[in-house]
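Look for chain A in each of the two complexes below; its partner is chain B in the first and chain C in the second.
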Partner chain A sequence: MKKIEDENYCVTLDEDSAKVIMDGVLRLSGAAEFTPIVGFLNDLLALEEKDIEIDLSKLEFMNSSGIAVLSKLMISARQRKSGKITIRGSLSIPWQTKSLKNLQRLLPALELIIE
Partner chain B sequence: MEIYGEYQSIDSDQSLEQLNLSFNPSSIPLKQRWRNNGLSADFLGDYVKTFFPKDESDPTTEYKQAEIKSNVSYIANELLENSMKYSSLNSHAMISIAVYLMPEQIIIQGINEGSEQQWSNLLKIINELQENDPADLFVQRMEQDALGETSSGLGLITMINDYDADLSWKVNTMHSGDKLITTQVKISI
Partner chain C sequence: MSKPETTIKRSNIRQQIVIILIGFVLVMGIVGFSAKIGINTMQENKERLKEIVNTNNQKFNLLTIMSDAIRDRMLIVYDMTNTQDTFELDDLYLLSGKKVRDFINAREQLVAMGLTDKQLKQLDEQKDKLKQAQTILNSIIEQAINEQEISNISQITQARSANNTVLKSLLDMQNFQNIKAQEQLKLSEDLARKTGIQLFWLTLFAFISSIIVVSFIIRHMLSQGKKLDQALLELHQSNVMLERRVEERTNELMLTRSENMRMTAELDAGRKIQEIILPTGSELEQIKSLDIAAFMQPADEIGGDYYDILTYGDRAYFGIGDVTGHGLESGIVMLMVQASMRSHLQQEGDISKVLQMVNETLYNNIQRMGTDKNLSLALCSYQNSNGIGEIIYCGQHETIIIVRNDGDIEEFETDDLGFPVGLVDSISEFTNILRIELKPGDAMVLYTDGISEAANENNELFGIDSLKKIIKNNYQLSAENIKTSIVQAVTDFIGSKSLYDDISLVVIKQKSE
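Right after this comes the complex of A and B.
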């Protein structure tokens, strides 16, 4: 397991279970600051033929730079030949119900579970 | 003075509650200041939440309160991030962010000073927002971005697309030639 964290957030890459978990509040100041997290997401995407999951169910806030990171990942994922992609969210976190549906517009095969 | 969109001037007696925060953008570097955007935005969200009390007999009120806090916090944070990123470097003018609770809506309003170039970049985005469907614009922006083209305005697009917000702008040209830009975001309650 690999981790990137600061006082506000924690992002974990678990390659064995093919998961990235994002917790806390992610409001970094733009693409450059998101680079290490993008690295985790690209490593996840590179697990060819596996079903992969991004778990946001404890991610209380994300700014539009973070939404851009997830959106670009959906576009990269179009090239993937096999393996399902799931994003898991929480109904009790209002931004997720509002914004995560847009990811499906970018990648219709995305499985979005908000519960 | 130029107006774009349905800008509403707010008389203080119209709003039920209001809270206004101001910052001096040049006192410390942006990187050190960045965390304050989130703190201020959350403070505004928390403040407004108070006026939507939970009712034990109605479980939907708990979600409503969380939703209002989250909406105000997201929008205020995006406005502040934009103000911090796109203000004249030599500006000694304050950046401000305010929230107004109106009878049927919440207005979140940011003010900053930008150079003529910064304003012309924003104006290009405003025109795109007015001419395009926000959902299509979102997809188009992200696809451009994936090709390495720089994209901006995503925060504004998500406000319209995800939060059903109504956006408008008021712009004044100052003696220096810089623009005093007010961005007004209205969301219904």
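Right after this comes the complex of A and C.
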């Protein structure tokens, strides 16, 4: 279990269960501040032949930089040959429905669970 | 800051040490003075002792005189009994009288000098014996003067015996006087020596204990001084740190101020950009079949709202978009969108192709800028035929709200009509078009999320339902009045809270002829 956190957010990488969990409010400015989180996501993607999951169901807010990070991740994930990718979201968080659907449009194989 | 306080405290300690030393000297002075008084007393004692010895010597001498007088008189009387010479007899007689006076004189002096009760008693006891001896001696002297034979030799023996008793008594007195004086002297000397020794030890003790106490106090004070120095040093260091921090904070404040100035300049520039590129009233009036009202209120911080209305040939085009985030970068991206839209529309009538081209332009530029900005962007074309308007809509943006001429509200999702612009290199696979017919009196409302997500003091959102309700309540009004009522409702809702995002609104109403 690895963690990146401050008073507003917490990002956890659990390599055993092949999961990245993002909680709170992610309002980092620019790609540079997102670098450690991008590192987590790339580590997750590198787990070949595993079903991986990104859990955003408790992520209240993510700014455009974060959306850009996830969009780029989806594009890189197109190269992935095996293993399912799941993104978990929440219906009660308004920004997720539209943005997560856009991710699925970038990666049609993405399993999107919004509940 | 220097350390003057430390030296002031140091000199305070020095002052205290000096005071203690003065106190010590005073104590020693008092001890010395007491010793001097003791010594003086001893001296006086010695003088008195000397006087006692003198008195004793005098008494002793007087007693000797008395003894001698008795013994001499005995001898004189004896001589008188043995001489026939009358002159000599006379002389001896006078001499014997003198001896008696000597004795009486000495005795008187002795009594005058003061005697103990025992001695006075002894003197009284001697009187009888003396009287007895005197009587015998007087009768012997009388017989001798009358040249008679000493009748009884035993008389002399008797007198001698009586005198001897007196002499012995006097000798006793002398010895007693001697012993007493010697005892007194010895006692006195012992006392003096003892006092001296005691005084010496007392002084030594006072001196040593004073030194111990004083050295303890001084050491304690010095260690206190050291602690004080340490505390002052720490205080000084923390002061220096505090000063440094204040300086840093001041610098930060100065930086913040200059940052603020920079941001104010940015804000002004951003607002200017937004104002300059907004379509003018005359541009709106060119479209005869439409009643158009548009509104934009920039946020306190520069937002990235975009809207544009333009005409090419017989078609009108409406663009609306919202660049993510705030600040000058968002404003610049918005400016690029505006320019790119206009330039591509001049060459291409297919709005989905225009959107794809705008995306390519923007994506490349955004990558080059090294920013993560992207935008929601919608583009509509409008054509009027026989009083009926046809809207072709393309792009992913907020929902489209249509109010029909009977007050019915229709809402169209746009998620499947496009993709965020500038996020990925190509959106061609994601763009679709939606056709909407506008009958006379029908209106279309385009807006940015500054309206739907306007927040009040309790962080509640204005929401799409409120927007629809306002539109429904005012559907019969002109585009301008519908716009005004929406803006009023949003402004009322926000209340005293500052505007966090730009508010953009375009109302297009098909004229009824």
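Everything that follows uses one rule, which is that the second predicted complex is superposed on the first by the 115 of 115 C-alpha atoms of A that agree within 3 Å, B and C clash if a C-alpha of one lies under 4 Å from a C-alpha of the other, contacts with A are read in each partner's own complex, and residues count from 1 in each chain.
Please note the rule applied: a residue touches a chain if its C-beta (ideal position, glycine included) is under 8 Å from a C-beta of that chain, and two chains touch if they have at least 3 such contacts.
Not measured: the values here are computed from a predicted model.
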Fit-or-clash call for chain B and chain C when the two complexes are aligned on chain A: clash
For A:98 in the superposed arrangement: first (chain B), second (chain C), both or neither? both
Return first, second, both or neither, reflecting whether A:25 touches chain B, chain C, both chains, or no partner chain. first
Examine A:36 and indicate which partner it touches, taking first as chain B and second as chain C; both and neither are also allowed. neither
Of chain B and chain C, which one touches more residues of chain A? B
With both complexes superposed on chain A, which partner does A:76 reach: first (chain B), second (chain C), both or neither? first
Could you say whether A:68 touches chain B, chain C, both of them, or neither, answering first, second, both or neither? both
Common interface residues of chain A - those touching chain B in one complex and chain C in the other: 30, 63-65, 67-68, 71, 75, 98, 102, 105-106
Chain B to chain A touching residues, read off their complex: 30-31, 34-35, 37-38, 63, 66-67, 70-71, 73-74, 77-78, 81, 85, 135, 138-139, 142-143, 145-146, 151, 154-155, 158, 161-163
Within the complex, chain B is touched by chain A residues 8, 25, 27, 29-30, 61, 63-65, 67-68, 71-72, 74-76, 92-95, 98-99, 102, 105-106
Spell out the part of chain C that touches chain A in their complex, as residue ranges. 324-325, 370-374, 396, 415, 419-420, 423-424, 430
Chain C-touching residues of chain A, taken from the complex the two chains share: 30-31, 63-65, 67-69, 71, 75, 98, 101-102, 105-106
